[in-house]
Each structure stands twice: as C-alpha cells, then as structure tokens.
Amino acid sequence: MVAEVEQKGRSKPENADGLILKPLYTAARQFAKSLIRPSTIIYPFERLEDPKFREEVAIESGRPIGVGQVWDNYRGVHALNVNTCISCNLCAFSCPDLCIDMVTVPGGDPKHPKKCPQIDYGKCSYCGFCSDACPEGCLSMTTRYELSTPKRAEMVYSPQKMFEIYQRKLPMNPIRLERPANEDSILLDVPLCIGCNACARDCPTECITMIDIPKANPKPGEKPAKRIWKEPVINDSDCVRCGTCISVCPKECLFWGTHT
Amino acid sequence: MSEMWVNMGPQHPMTHGLWNLRVRIDGEMIVEVDPEMGYLHRGIEKISEDRHYNEVITLMDRTCYVAGMAWEHLYVMGAEKALGIVPPERAEWIRMLSEEFQRLASHIMWYAAFVQDLGLMSPFLYGMRDRDLILDLFQSYTGGRLTYEYMRVGGVRNDLPEGFPAQARQVLDWLEPRLVEYDRLCMGSEIFRRRCDGLGVLKANDCVRLGVTGPMLRSAGSKRDIRKDRPYSRYSQVEFDVATADSSDVTGRYLVRMEEMRQSIRILRQALDWLEHHPGPVLADRLPRWLGAPYAPMGREGYLLKRNYPKGVGLSAIEEPHGEACAYVVNEGGEHPYRVKFRSPVFANLSACSHYLVGYHIADIPPIMGSVDVCVGEVDR
Amino acid sequence: MALTTLWDVAYFLASGLLYVVSRIIPPLSGVLSNGDLVWGLSALVFGAILLAASMINTIMLIWFERKMLGRFMDRRGAMHVGYAGLLQNFADGLKLFRKNTFKPRDADGLGFYAGPTAYMVTSLLMFGVLPVSTGWSDGSLPLSMLLALVIFSFAPLFIFISAWSSNNKYSLIGGMRSAAQMIAYEVPILLAVVAVVVISGSFDLNTIVSEQRNYWYWGPLFLAMIVFATGMLAEMERIPFDLPEAEAELVEGWNTEYGGMLFAYFMLADYVRALAGSILVVLLFLGGWTLPAYFPAALTSLPLAGIVVLMVKTYLVFGVFVWIRAALPRVRTDQLLRIGWMRMIPLSLASIVFAVFFVLVKCIPVLGCVPSMGG
Amino acid sequence: MEWNAEGVRAQLAAAGAPGILSVDPFDGAAARVRFSPESASALFPVLRDALGFTHLSTVGGIDWVERYEVFYLLWSDAAKRYLLLSADLDAKTPHIETASTVWPSANWHEREAWELVGIGFDHHPDLRHLLMPDGYSFHPLQRSFKLHEPEDLEVKVRHV
C-alpha cells in the first residue's frame, strides 16, 4: 500500500543570515574562556561543601566560586542523636515511603525497650518530613550524599550507623519547622477512662501523670468503690503530640481537640 | 519493501524519557505514527488517594522531573481550594518565584536537550552549566536539587534564607547574557535555521482543536497564557508579556521559549524586589490536624474530626513550562484526597503528534519532538 | 649506510635481526642471507612501524579531540588516566578489548564480521600511500594522490555491507544514507583535487608538496581548499555531515549493533580516516612538510623535522574540524546532497578555472601567499 | 456578559442546550454544569459553538462507588473561563457518548479515563490501552482496586 502523504517541510528559511560564522565565533569565544577557567568542579577532589566554596556567594564563568553557608540546607543522609531520641515514632508515622522502621537499641529498660528509627535508603525519597516531624531535633539531615554501595542490605542504615554520622559533626540542615502556636492537644473523655495507666506507661516524654481521683459520690444505696481510680493528666507544654497514648488507649478515650 | 515500521524507543535518544514512537516510514518519509505510552506509569493519581495531603507533594516532584516546583504549586493550589485554606501573602510570592525559576530551569533544560538532538553538542553543556546555578538556588532554600518537597498545603515549608535575593540576582545577571549566546549559536546558524524552519507546523486552530497548549500554541500566534488569562498566585501584580510567534513551526517554538525565559527573568526581578521588603509568615495559621508535619495517629476522635471537616472540590490551573496544567482535587473530608486528577500539558501535546509528524522525514523527528519538549513523567504520571 | 628513509630503517633493522639470528644458529646463516628474505622481513618491519606510528597518532588524535572539545564545551575532557588523560583512550580501548563481541541472531555472519575488519584495513592502507616527509617513503608513486582518494572512498561500501548484514532497521537506514550521499561529496572532492593537479602538474603527492615550497596552494586555491575540507568532513562522517550515524534519530546508525572490539574497529578507523584526511588537506593545500621562508632553512633539514612540521599542521587542521563540530548542528540528507551538488561542485569548477588561469599567466598570486624561498 | 452560574445558565437556555440538570457556581470556573449522559452528543456541539468553549482541557472520571462521575474541563478563549461539566453514570456499566468527535483532543483523555476508571466511551475512534499494557483487565482508579495487593498481570507483548 502506498500511502498518499504529502511531503512537507522543505521550504527555504527566510532571512537566514550570517551563514555559520556566528556560532563559530561563539564557540571560539567559549573555548578561549574555558582554556583559562573551565567551569567544571572536579568532583571527587573539589566539592561544593568544601570550605573554600562557603566563604562568599559568587559566580565566575559559569562556575560557582562560592555557594555560601546555605549549602547546609541540603537534605542528605540523616544523622541521629540516639541519646536524645525519645522513641516517639513520629518520624516513622510521617514517612510517605514507609522506609523508617523503629528498631530496638540498647539503653532502654527491659519492659519498654528504647526504639530508634532505622532508615532504608533504598526507599527513602529525602523529603525531610521525618526531620521536620522530629520533636527533639535528634533526627536531622546532613550534607552527606554519597551512598553507593555494592549491596542492597547496606542501604539500610541502623540507628548506630546514623549515630556515627551524627558524631562526625557534619553540617546539619538548620531549617526547623516552627510548631504552630494553636496546635490541637490531646483531651480525655473522662467517663470512658478506666485508669489503666497504659498511656502514662508508654508516653515517650513522660508528660502524662496518673492522679488519684475520688470516685464520684456513690448513688444512694450503692457501696463506695474500694478501688482507687486514676486518671491521666497531660502536661501540655511537654507533650510532643506524638499520639502514642491515643494508639495504646484500650478504650479510645483520648482524642485530639482544643482546650476550651 | 518500500515501507516499514520503526520503533523509536523506549530507549532512544530522541524520546527524552521512556516512550515508544512507532513510525511507519516510506524511504525516509514518515507515513504514520503511533505513540505508545505507559513505560513510566507510576499511578500517581492512585497513590495520591492513599497519602496525606502533604505527602502527595513528594509525588508531585516526580511527576515532571524538570518542573517539580510548577507541579507542586499546581497541586498545592488545588488542595488548598478543596480544603478551604488561604496561604499567606509571602508564601504566594515565594511560590511564584519558585515557579518562575523552575520555568527558567526547565526551558534551559529543554534548550540543552533540543540542540543535542540536532547534533549540536556544546550548547548542551552550556545549558546544563547554567541550569545548575538555578539548582544551587533551589538547594539553598529547599534543600533539594531536583525533588524539592518545598511547598505545603497552606504555604511553603520555610522562608528564603538570608542573602537569597542577592544570590538570585547574581544568577539572573549571569543568565541574561547567556540567553544572547544561546541565540547566537542557534538562530545565527544557517544550518540550524534550515533544520528547523517549516517543520512540525501546527496552526492555531488545529492547536485549539487538538488541545495543544503552551509554547506550541503560542508559537502559532495565540496569546493564551494562564498566567495572564486566569491569574493565580500573584501573577496579576507583576508585569510581563506573553511571548508569541507566528510561524507555528519548530523555530517559532524556539523563539517563544527564548522570549519566555527573558520574561521569566523580568518577573523574577520584580518578585525578588517584593520579597526583600515584605517579611511575614509563610505558612497558614490554622491548619487541620493532619496537615501539620507530624502525622500522628488520629484515634477514634480523628474520625469525628474527619466528618466535621468541610468537603470540597478544588480546581487549579497553572501555566506550566510545557503548557496548561490543571489539577482537580476532590476532598471528601479525610486525611487523604478522595481523587486527584491532573491534566498534563505534554499529554495533550503528544496526543496530537500524528498531526505534526506525518509528511516529514525521519531526520525531522528529533527537532520536532524536541520542540514539543516531551516530559514523559507527566504524560504517564 | 645512511638511514634517510623509513625503508632504510626497516631494512637496517631486518638485516640486523637476521644477522643476530644467524650468529646464534650458524647452520641457518646460508638460508638467512637470502636477499628475498631480507627484503620480505624488512617489508614486515616497515609495516609494523607504519602501523604503530599511525595507530599511536590516531589515539593521540582522539585525545586531542576530547581535550579540545572539552574546552569548547566549557569542561576539561579526559583528565584522570595518565598525565592530563593521555592514557584514557588506551584504557578505553582495553575495556572494549575485554568486552564480549556478539552477533545478533539474524545478522549475516560474514558481512557482520568482515565489514568492520575491511573498513579498518582499508583505512590503515592510507598510510602506506601518504608521504609524511621527504624521508618517509622511498621512491614515489606517480599516482599516489589518486590512490589515496580511491582508498578513501572504499569506506561507504564496507559501511553499507556491515549495516546491511547487521539486520537492523536503523543500521539499514544509516548504511543507505552513507551510500546515497557518497557521490554528493566524492565528485566535488575530485574536482577540487583537479585544481591542485592543474597547478602542480603531477598526481604524485611528493611532487605536489615539493611544488609548494615557494607558495602554498591555499592562497590561489582557497576555494578548492574549502571544498576539499568540507568534502573531507563528509567523508570522515564528522558532525555537520554525520548523517549515517546520526545519534538523535538513528542511534549511531550503521554501528547500532556493534559492540566491544568490533565497535572499536569502527571507532578507530573513523579516526584513522580523520587523521588521513587532515594529512591530505595539509599535503595538498598547506605545503606538507615545508615551512615558509622566514624559518631558517636549517630547521627543515633536521632529522624528523618534516614529520614534526606536518604533524603540527595536521593537528591544527583537525582542530578546525573539531571547532566546526563544536559549533554546528547536523544537516539533513537532502541538505547534504544540495550542498554537494549545488554549492560544492560549482565552487570546485570555479577553482579549476582559477588554477588554469594561474598556470596560463604564470603569476605567483599575492593573495595570502607565503613569500618565495627563491627556488 | 456575565460568566458566572447565572450567566452560563441563561446562555445555555438561550442556545437550547439539552439535558442540563443543574448549573452551580464553582470556585475557579465559570460554573459547574451537570447534565444527563443521554444528551451528551447533543450538548457538546452547543457548548463548543454557541458558548465558545473551544478547548477541552481534560476528561476524567471519579468512582463514587454507588455511581460514576465523568467530568469535562472546558476553556473558552473569549471568556477566559473554565467550565466544569459533569455527568453521573450508573455503577454497573458506566458509559457515555464520546466527546472526541466534537473536541478531537478528548481522544487520549478518554482512552485514559476508560482504562483507569473504567468508563466506556461510545463511538470512540480508537479505544485502546494507553498507559497500561495491552490486555490489562483492571481499572486501577476504581475504589475497589486496592494498592498493595498481588494480582495477575497478563501482559500480551505486541509484535511489530
């Protein structure tokens, strides 16, 4: 079958001038310029995070001769200060790629082991949501960006490995999100509470204290309760809003809301 | 054997991504084309149904990997309308600044790839070099060079760092003469003109009929630009012209994009002036619980909140570097959007490809497809 | 025995070798002193020296192009292997050598393997013909220039063979293009050469160069030089005219299916041809190994001076080709044909007319001439 | 001419557009027009020719479990406004007349809506898979399609 297709696009350009001299001239100019100073940064030997690039901010012949201190904003491999981590789970909750697992690290008491994030960099998208969420500032992103490794298993960084990165004192991402002032807090639905202590036990910041409350006056004809009732009281300024108490509450009596 | 099918792609220097252009050629002339998409389909619209409103932003950067900011802006505006949130003034300006920088970076990237397709090798490196400076700027305030994750529903993540306007002005001062240099290498070269003139012609009425937008439409003489026609962000407060050409061919698209870069620089200077003198908050005050950074478990009461929160539908449209992009966000009152639908400009531009490819030679495919500026990430989504 | 030519050197080495062998194994001395054997062995040595020299030169040419193209593109080029990346190409060659070469299942074996080999061999043949300095080749071939051009124009045939037999649509289109455009640039090249022949009166490259000792031909035959250099660009398939292997649409065209050492053959042969083409431009138009008169005459009489002069000129000419590559996009097939037929042929015909005119009026043109050495 | 819900309603009435169910105001567009799917083929030309919505931005579908919704986003160069069209389709066999005869740009958008949401477009010129492999029998954007579930993929390789 011979298709009936009209041939197009063979017109002569109008006012095509200058032949090929202009591009030749431009290329020659660039040649002369880059003979003196090519704009390459010779990567493994020169890095933008080197001190010499941090002094000032300037561009010369297409090459940054300084990128300034803002290089610290880079979102690279995480550094984790295991000592200040409170095992609040917020990083794992906020991870859109589900690449953070909370693993046990030595240092906790046997009943409530200390858990710190372990990050699988094979999945991580470096969005920084976890470090934004970290209430203690212990999980932070550094300027480190070289991760290549021959084994996939080595892409999983344990808390200890991230602690080593922390100890190397790399520049940390200085951007911290401000906690909104009028944030919701955790409220208690009093009639439902059974005083089981689960929230106070699992609270990472220990901001929940169980206080004794007298059982409300018995109705006529009823015996006074023998048992001492307890009720959680949440110290709102210490609370990091991690929601651990909500998820452990067996009666679902804790909820988000605003103090009235 | 006078005719044969040639698979151009999925691994082909012309495709700029993963797609397959099946071409039936007669000698060297194209008789029929059949694009085959889907090699990069990641189901972003489906994944979005399963993510928090803010987490979708991480996907937006990957929708079009050379125009991440524009897509973030698009989505964030749509989600804000669906949720009924108004971002602060400064955040709007920062978003506009970011989008224009992204347009500049995207067009430079387009220039680099386009001339590379023509066999012109050195401008590719020049383009990459100059785009890198813009990426440095992005990195200085977002922390990422390609995937920024910067905008949030209700504002932006953080304010610009100190000294940013000065650094940005340096970059703009460096870029402006470079645009002249780019022009000299291309429009000053007769070979380039002969390769590009009269190729891929798609007249304005055909463009409208086929849904083609962006520089392709404007190169046919139309002045449609969402930034002017339906101003969003703060585009109504800056001065700029809509770049047009009337040749509706590859050269016209080249000229339109070059002029758009100049206009972007003009917008950027105005935005930098404004941002220098107007400090303020960059994130809206009262956000729903699940829009804050930590996504803590909601508990039983979370579902109550969900019920109480207003439902809504948000429609946003921006002039993305490639053309008109729309987002349609359906909020059914929950942590996740119920449905997100994106209108990708390249999707529509590419769907018309049989109209501007048939009849040309196989050697004309790279310049024509280069002038369309295909970004497969946003076609397949 | 004066070692003035390469042949003398080869003969000296060969006879020396035979002498050593016959001293070690005395019974063989009768056989080894046979004149034919000495001649044959020295021919082998001659070939080996030639091959080594041309291959090393070719690899240095690639290095030169990489470094220069790097600067044109605002980068540095190869710089880590060896001093300033000098050994980078050897490393690349070694890598290609180690790679597995494989043939597509439906490819034609004979053509698939013979194509690159023949391409490589015919390209190397050029160096047997090109006189590189006065002390290079012994005696002179009366038609050496024609022979060089004939060898040069073998290539599209082998490209086409290997393209056809690799059974790939891109390769096929690339090979077709290569064959189709050949005539478009071969004719103007030959016509431009006719101008040189008219003015020099010889087909022998040695004579052509020695005729240029007074004035180089690029002055009077400027048009012919432009045509010849442009045709050479097309002949070498370098970037404004690299349609057969147009990367953007044909994915390296005729060598799509080749990998490993077979690809290295193509790659090397391309640069061998680039080197030979640049040398031809220098020999025909830029005075070969001669120097202008204001250089002391003693300079040219130094050993190897001729080769050094010629090589410097060759690399400069090649530098211009690299410059063009860095600044210009690729043309289209029909445009190459148009340039060949509508621009280059008239220009080369005009240059023949110029040449005839210069011969008739017996004037030494002033335009851009090198001062006469008084010869 | 007012390009709000009232203006659009008046213009639709003046042009005699069939099958309009409601015209509501909509933030970011001139109006949101609901129409009955049966009248699609008669309504589209009216919108294009009488109201001047020459550019079809996109076509998409939403799965509301008990019903499907198909929406069209139109743009008018004269009014510089969007118009959102939507129609409810039944859940069992959602189908509607194709818009690609009126706006050729709907071609790919409808292919995408067909394969991802599962809405059929009658008289579509070329209703093939676009993003999914040929022979893929699921509609991923339906609510019943859950992520993280293993599934059989039957991929037929097309030979050229």
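Letters A, B, C and D mark the chains as written, and numbering starts fresh at 1 in each.
Note that in this section a residue touches a chain if its C-beta (ideal position, glycine included) is under 8 Å from a C-beta of that chain, and two chains touch if they have at least 3 such contacts.
These numbers come from a predicted model, not from an experiment.
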| item | value |
| --- | --- |
| Pair with more cross-chain C-beta pairs in contact, given B-D and A-C | B-D |
| Gap in Å, rounded to a whole number, between the CA centres of chain D and chain B | 24 |
| Chain centre separation (chain A, chain D; CA means) in Å | 39 |
| Centre-of-Cα separation between chain D and chain C, whole angstrom | 64 |
| Chain A and chain C, separation of their C-alpha mean positions in angstrom | 60 |
| Residue list for chain B, restricted to those that touch at least two other chains | 122, 126, 129, 185, 189, 191-192, 194, 361, 364 |
| Junction residues of chain A, two or more chains touched | 10, 20, 23, 26-27, 30, 39, 62 |
| Contacting chain pairs - touch in the sense defined above | A-B, A-C, B-C, B-D |
| Contact footprint of chain A on chain C as seen in their complex | 68, 70-76, 79, 323-324, 326-328, 334 |
| Contact set on chain B toward chain D in their complex | 5, 7, 22, 37-38, 41, 43, 45-47, 50, 81, 208-213, 222, 224, 229-230, 313-317, 324, 326, 328, 330, 338-339, 341, 343, 347-348, 350-352, 380-381 |
| Of all residues in chain A, those that touch chain B in their complex | 1-3, 5-14, 16-23, 25-27, 30, 39, 48, 57-59, 62-64, 67-68, 70-71, 73-75, 90, 93-94, 96-97, 125-129, 132-133, 135, 141, 173, 175, 177-178, 180, 182-184, 241-243, 246-247, 249, 252, 254-257 |
| Touching residues (chain side chain D, partner chain B) in the complex | 26-29, 54-58, 60, 62-63, 71, 73, 75, 77, 80-82, 84, 103-109, 112, 116, 129-133, 140-141, 145, 147, 160 |
| Residues of chain B defined as touching chain C within the complex | 4, 6, 8, 12-14, 28, 115-122, 124-126, 129, 185, 189, 191-192, 194-195, 361-366 |
